[in-house]
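Everything below concerns the one structure shown next.
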Amino acid sequence: MIQVFANPHRFMAFSKAAQPWLYGLAGLMIAYSLWQAFYVVAPELYQGDSARILFIHVPAAWLAMATYAGMAVASFVWFIWRHELADTAAKALAPIGAAYTAICLYTGAIWGKPTWGTWWQWDDARMVSVLVLFFMYLGYMAIRAAMDTRQKAARAGAIIAMVGAINVPIIKFSVDIWASLHQPASVVRLDGPTMDPSYLYPLLIGALGHTLLMTALVFTGMRTDVMTRRADALLLRQATT
Amino acid sequence: MADALLSATDLAAARGERLLFRDVSLSVCAGEALILRGANGAGKTTLLRILAGLTRAEAGEVSRPQPIHWIAHRTGLKPHETPRQHLALWAKAWGAEADVDSALKAAGLARPADVPARLLSAGQRQRTALARLKLQDRPVWLVDEPFSALDVDARAKLEADIIAHRSSGGAVVAAIHGEPGFAPSGEVRL
Amino acid sequence: MTNPAPLSSAFRQALTEAWAGGAGAFLPVGFFAGAAMLVPFGIGQGNEQLAAIGPGILWVALALSSLVTMERLFQADLEDGALDLWIQTDAPLSAVAAAKTLAHWIAAGLPLALITPLLGLMLQVPPADLLPASAAYGVGGLAFFLWGGVGAALTAQVRRGGLLIALIALPLYVPTAIFGAMTLQSDAAGMPPEALYLGASTLFALAVAPFAMAAALKLAAD
Amino acid sequence: MTNPAPLSSAFRQALTEAWAGGAGAFLPVGFFAGAAMLVPFGIGQGNEQLAAIGPGILWVALALSSLVTMERLFQADLEDGALDLWIQTDAPLSAVAAAKTLAHWIAAGLPLALITPLLGLMLQVPPADLLPASAAYGVGGLAFFLWGGVGAALTAQVRRGGLLIALIALPLYVPTAIFGAMTLQSDAAGMPPEALYLGASTLFALAVAPFAMAAALKLAAD
Amino acid sequence: MADALLSATDLAAARGERLLFRDVSLSVCAGEALILRGANGAGKTTLLRILAGLTRAEAGEVSRPQPIHWIAHRTGLKPHETPRQHLALWAKAWGAEADVDSALKAAGLARPADVPARLLSAGQRQRTALARLKLQDRPVWLVDEPFSALDVDARAKLEADIIAHRSSGGAVVAAIHGEPGFAPSGEVRL
């Protein structure tokens, strides 16, 4: 596997073959979980139909965090070994992670309105952490976009992703103890472990489907990027000869 | 060339989508002065920055066995800094035991020694930057359009300084438009 | 063994620069004072409310003014060519960057901490809380300056640097802002545990930020 | 009859500059959003308290971020020589300065007013209050930018510009801050009288500030 | 001299506590080119700024019956501005109907026309500022070290432009160190 990702040619071959399968499988699994969500599972005891949004909200939340971790690892690999593909991967991961983060925030907010009576709750550690994560994605993408050249974008992106990644645990910790101080008692929440299996399995399958979709999207992004770079290299060579 | 004070092989530089130059090799030994030539925007400043280790080359190697002095358009003066403060600061930062007062006098900066850089004339700012060359003995001088903004006297003095530096075993790489005012040992065209 | 001479020079240059206003380092104090004074007008409520939110507002003002100070620091060094000279010294660039940041903290951050008791009085903060608050602002402010420095170094060469530096630095400010506010709200006698967290987050910033700044500055000069 | 061509050029140059970040005009939005976000951490109180102080906090953040935007505006023009060229155009310098200030208000002040509803929601401001607040921020913001411009022009060539601009501009901000906060707190239906005061204070700024800016800029170029 | 395009009498300038010059009188008529000479810091830039109406003289009068072009060290380019944007902006602000594209080409800026000024080379920035001279016909050119940073071609072109401007009834006042490259009609020593 490492061989595949170390070598652009092998990566292009592998991703070309894998892409259709990934998209297909992801589509099926997500479709299954949504079908379950909207037509099969019973309305939730306390929250009624609004709880069905969980099947989008929770996978989005998980992927928002997993994608940042992936981006940080890719940045680290690029910074140490200067593997161009690692930077390509980090670049492709960022907008996808930002999109999932936005979906998580958005679904959370429209879920919060009927359940808590408010769009936004500063006392909830998870909400606040996700918001901060969203800003970190935006910062990463903005700094890359602001650089004049690809090489500079890679360097700046790697610096900010690594600094961000080592700060994430501290931010999470601080937000957690802060929220634990004034946790309002009125909040109704579902508890993960006690979740009903009729909810849990479609949720897990949906989450897996989104993971595959994310992988497929990253592959697509990376492929475009590799091809753009080849075209640039060609143009540069033509310009000088 | 074991005794090169500075050498570079097969350098290439790109800016934006444009390749400025490639396959540039050069080396300077004691007593030599290399002049970089080329039209505006050809890449002389970029090449000097690569030689100084400030910019990464797209390709190629630079070997920099000896300490260098760096003088460029951006003189390194802070707007509020006076020539005296500037020279004292860098003498201290480099651990050089130079006499700042005499350096100021030699550069013809005795009068405006305590005027903040943002009020200095263009030539006075350039003189201040050039005065750094005398604070510490460093074999290699990388200088970008060193004569710009200098009056006739200051120009003659710098030319004499370069000749003296070369005869005492130093080397110079300079980007210069027009007459250098000293006999270059070689030229690089970009 | 790094040679200390370049570092002390960097420190002194930054200190003079800050006082001479090259980087607008005085803005923060005026800014901070202005913010603290406008708040009562903007809120226009009774004293109890002001007393409750006063310390928090001061934290926010401190965070924002560190951002304002740091914004111009490295950009100015890049534009006037001083950065090129610093890169070529013997000292590691991370140490130079740290020295400069410390100098700016001393010039702009510490005065903020020192005028805090005065402003706190105006904002109806109980006098007994003022000294611990001042210490907390000093320690927390250092973390703000360090992370702000990372943002400033990354955006030194960038268009739209303004938005970017805020976007990059503010998430990194969150732990310090939280621990800082909690330190002040804590009712524990003596040193509250949150004060330890605050100190630890500042130490962490001291350990990490200089290297990030150095990498970003080399990139900016390129 | 003044020739409109230089004015529209000045306006467009300032607008591009603001968006390109030459003067860090984007900072305010990030800054404003950041300030609004840090407040709950710093205050760490329940929703009711936030709702009470939210609009006031936003006023203060607006005032401060206008200060930050304007600070670099004229200084940059002075340093890069553009001010010399503007002085030599046919158009009166006061009109040029007004055009530039308007452009910066549009680039940095209006976006602030526009994101206010979102931030207000997060700060638990009642939704019905959000639109009037947004309008008030827009109008009041213009006054902040104009007075901030006077401060910026006066300090363009000065050491310690940072402190000075805050000292000069903040007192001028007070009427706008007061009328602005009163407008939001007013319970009157329809247009409260305070809104008229707010509008009048902005008109006054529009009438006076450009001439002050022009005089200060000529001095700066000298 | 009723037909002087620019004239000044008994000018004096002081900076800080220092009197830079006094009793300077000059005038230029159509076809003339005056060169300001003096050591670094003598006050050439200050005198030009007084002639342009940017700085107040300590004493004396300037009469400026004709529009002027102003080119100085501080080029007036914004860091983010491209040469194309810069020329288009000033053409519009001055109400000049110049063709920006051909002005760019004439200045040798066709290639870097869309590169922001902060990335341009020193010579390219200077060329952009000089291209303003061609946007609009103005009788008087006040230029401060116009040849600085220019390569040999651009220098020759500017010399030719100055000669053409003079022969079409214009006047030039320039601060120049070294050879002017055209025959000055007079010199002012500071």
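First chain written, first letter: the chains are A, B, C, D and E, and each begins at residue 1.
Operating definition for what follows: a residue touches a chain if its C-beta (ideal position, glycine included) is under 8 Å from a C-beta of that chain, and two chains touch if they have at least 3 such contacts.
As the structure is a prediction and not an experimental result, all values here were calculated from the model.
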Could you tell me between which two chains the number of C-beta pairs in contact is largest? C-D
Relative to subunit A, the most remote chain by C-alpha centroid is chain E
Could you work out how far the Cα centre of subunit B sits from that of subunit D, in whole Å? 44
When the centre of a chain is set as the mean of its C-alpha atoms, what distance in Å lies between subunit D and subunit E? 36
For subunit A and subunit C, what's the span in angstrom between their mean Cα positions? 31
Considering subunit B alone, which of its residues make contact with at least two other chains? 15-16, 18, 56, 73, 80
Would you please write down the residue numbers of subunit D that are in contact with two or more other chains? 20-22, 37, 41, 44-45, 159
Where subunit A touches two or more other chains, by residue: 148, 178, 181
Tell me, which parts of subunit E touch subunit D in their complex? 49, 52-56, 68, 70, 72-81, 85, 89-90, 92-95
Residues on subunit C engaged by subunit B in the complex (per definition of touch): 3, 5-6, 8-10, 12-13, 16-17, 20-22, 76, 79-82, 84-85, 87-89, 221-222
Once bound in the complex, which stretches of subunit D touch subunit A? 37, 40-41, 44-47, 50, 121-122, 124
In the complex formed with subunit E, which residues of subunit B make contact? 15-16, 18, 38-41, 45, 73, 108, 111-112, 115, 119-124, 126-127, 145, 148-155, 177-178
Which residues of subunit A touch subunit B once you look at their complex with the stated criterion? 148-149, 151, 232, 235-236, 239-240
